[in-house]
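Take this structure, written in structure tokens, and hold onto it; I'll ask about it next.
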Amino acid sequence: MIGDSSADGRSLLGRVRDRLEGPNTIGDSTTFWGAFAVVVAALAVYPQVVGPYTVIQTSRYFALAFLALSLCFIWGYAGVLSFGQVAFFGVAAYVFGIVGINLGSVTGAMVALVAAVVGGTLAAALLGYFMFYGGVRDTYVTIMTLVVALVLNTFMAQTAGSEWAVGEAQLGGFNGMNVPSLAFGIGQSGLVLERAALYYALLVTLVATYLGLRVLVNGSFGMTMVAVREDEARTATFGYDVPFVKLVVFTIGGALAAVGGVFYASWGNYVDPTVFGIGFAALPVVWVSIGGRESLLGAIGATLVIERMRTELSSGIGPVGSEWALVIVGGLLLTVILFMPAGVVPTLDDLADRARSRRTEQSQSTTATEEPVE
Amino acid sequence: MITPTATPLSISGYSLLALFFQFLDSFGFIVLATVGLAIIFGMMGVINLAHGEFILIGVYGTALAYHAGAPLPLGMVAGVIAATAFGVVVERTIVRHFYDRLLDSMVATWGLALVVSQLLLIVFGSSLDSISTPLGNVSYGPYSSSVYSSVLLPAIAVCVLAGLYALFTRTTFGIKARATIEDPETARAMGIDTDRMYVATFAIGSALAGLTGALYAPALGSITPNRGNTFLVEAFVAVVVGGQSVILGTLAASGVLSVFNATGSFLFGTFVGQMLLLLVAIVALRVLPDGITGYVDDWQQRRRAEE
Amino acid sequence: MSTPQDINVRQKPAVAATGGGVDTILATKRLTKNFGGLTAVDGVDFSVDEGEIRCLIGPNGAGKSTLLELITGQLSPSAGDVYFDGHDLTGMDTHARIDTGISVKFQSPHVYENLTVAENLRVPLQRADGDTDGVLAETLDRIALEAKADTGASDLSHGEKQRLEIGMAVTLDPALMLLDEPVAGMSIEETADVANLIRSLHDDGMTFVVVEHDMEFVRQISDRVTVLNQGSIFRQGPIEEIEADEDVRRIYLGENA
């Protein structure tokens, strides 16, 4: 808990850790932060030791991790299960493409980034308003979000004709739309985020987002979200405006998905209606359920592992053909939800906690002076 | 389906007739797509996200039996049996663990959906030969409609709802089932085996999904492992709009939605029809969060209060 | 919201004067609630004076809990209005009603089972500004749960959960506290502790409406009692009068027979 940092409570590091740590995230020990630093450092040197193909693929997993964080945030912390986070991901991807194509410069790509994130976020806010202020709850929310994604899928799929264009951007229907790369700079010159540059941009954004979300969920808003998740009616009787809280949560979730969507579209320089399809919509639910819905780190980790596995299966690595990838993913999801409902990471953390407290008890019974690990 | 050969906006007796057939077509489709999902949702609160795959098993059972030489009606029976058996297995092995974790039950059934549709792809390939639609078309003026999907299927849909109504109101099973919905605790205390009621309900829901698949097997054109999704949007929207009362909710939601869907489809194409469906659903949810039947309950209460 | 420090000494709330010496803080007008064919609350005119501890008694199904839920807005009435402290609550959302200065503790313990005791208290507390840590410590002391601050709420005994819930309601520093069976399932000592807690909050100016079956407890805290029966107010008056009333005994016995 926070207690162990009381000694360095006045130091900057101690205060930063206080904000990052709390009951709503896993990993409050010095060991954890050491391991975290090592992993981030390893990911930073990763592009120097592996081939360009692996770097490019890993960038894609990073982009998808935002989608996982988006669902983890709203479902794990506020209990709002959305099957349609891909809708905001996809809306942002399309807006990024449309604005980027029409402006067609480095500055244009920056404007497109902002427009896309705003677009995805507003879409979530609008849907959230209709649902939460309409009193739509639980399974109805889940179904509504999925239906919205599926209808966007149908809508975008029929935009193949040349009349479906926004300015110079052809929506392209099933054939999809070509999308420019993310870039930072002025006019026509600047840093275009591709390959390793995109990788590093994603890594930095992802780590920053993760830490930011930790601060958010461990702060008073996180406590409010958890209270809403645990008992909406009770939380209203403490004066909380529950629909408003859920709207804010859902909007932040939409923004996270939108950031992922922009990176994803920029990564492949392409977006098509399958981002709204039921197959893609299933993936965030798979990652977050398996990684652990109440663990931001679990959601990211599961995304990286499962997507890596899918890539390898589909490129013929492994004992079975690529067509088995979805069977394995679906089977994994079923197994985890049946036997490990909290997900892999929280379950492991729980086991580690128990092992640690056993060890502490033993050491206390032998040498009462030894300090507990945390 | 309807093949308009004249400009659709000109109002004539024929076009009104065509619109009416479109409405029947849409109504039958929404009722049949929804009813299996609705019965499981209404009774147990579980949304079966593998509903599309249950329908698909009905389609595949029918098509495989038909292509193996069975007459179409017999093939349809095979489809229903396959879906029912699958439903019982799924209830016993998966769904029963989730009766107190409704959101998790959606996640689990979604995992199941991924596995089933992908396995069908692996085992039976990317498509099965289509089955030609029986009964042919009826022509009137510039239009023609399929007798099978615009007349026979809507009629069967009404019969299914009537049958369910009889089942729930006229049989001991129905009374026990309603007692279980109302209050499972009390039902158990009164000696009702609620566990068996849940299996039976899930089996009925699966059988109805299988029936839908069987009936639409000859009306789908190509039969592919992603055909289950064809039914999903309509089924979800209708359940959400209808609320938790199975028969009344399905009937009312299908009626309302198919008016919008048929009009939109008839005037502007199936795409606009589907978009209208969604818009109506979102507006309906904003106004009636517990669905049409939730509103009806509420209204009856208010009226009693005023008396 | 007043600052947390003055949890013991709250200012007198501004009350819509209704004439006479004492101000009415809560009033319902012809409040009615139907469930299907059953009328749970039937045209009730219920009013409570500021600074009162009013007990609501009555046989099971008399409509006591429903009346509280109509006041907090968790149920919407079929007809009638609710007024509190100069506000017309009718049609307001629950959270807005709470913000006018009402707190509620439910019948069955309704704590956040997956959170610790301290976290449970932080949920209402974090809406107040100022020294929340101080109020947290003070509240833990009041409900005698300091030793269990980091215990999960699901590991508490029934009585401890009841105290925690009262503590959570108290941290909002309400003008009016609605308690639904605050001592159900408590030992005699625990009941006495709750009675003391209620009296000390009452001395600081808090108004109470308490639904309770335990007449011994009612005698400890209350001066005036309202008897509900079949959704209507059956009797209202000082505790001695109510206890001596033959008709009140009859409806209780009739329910038991």
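As written, the chain order gives the labels A, B and C, with residue 1 at the start of each chain.
By our rule, contacts are C-beta pairs under 8 Å (C-beta built on N, C-alpha and C of every residue); 3 or more make two chains touch, one makes a residue touch a chain.
As the structure is a computational prediction, the values presented were derived from the model and not from experiment.
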Centre-to-centre on C-alpha atoms, which chain is most distant from chain A? C
Going by C-alpha centres, which chain is most central here? A
Separation of the C-alpha centres, chain A versus chain B, in whole Å, is 34
Here the gap between chain A and chain C, centre to centre from mean Cα coordinates and rounded to Å, is 43
Between chain B and chain C, centroid-to-centroid distance (C-alpha), Å: 48
What residues on chain B touch chain A, complex-wise? 41, 45, 47, 49, 94, 97, 101-104, 106-108, 110-115, 118-119, 121-122, 229, 232-233, 236-237, 239-240, 271, 274-275, 278, 281-282, 285-287, 289-290
Under the touch definition given earlier, write down the residues of chain A that touch chain C in their complex. 1, 23, 220, 223-224, 226-227, 230-231, 233-242
Which of the residues in chain A come into contact with chain B in the complex? 79, 81, 83, 130-131, 133-140, 142-144, 146-148, 150-151, 154-155, 158, 278-279, 282, 285-286, 289, 323-324, 326-327, 329-334, 337-338, 341
Contacts from chain C onto chain A in the complex sit at residues 72, 74, 93-96, 98-99, 103-104, 106, 110, 112-116, 119, 122-124, 126-127, 150, 168, 172
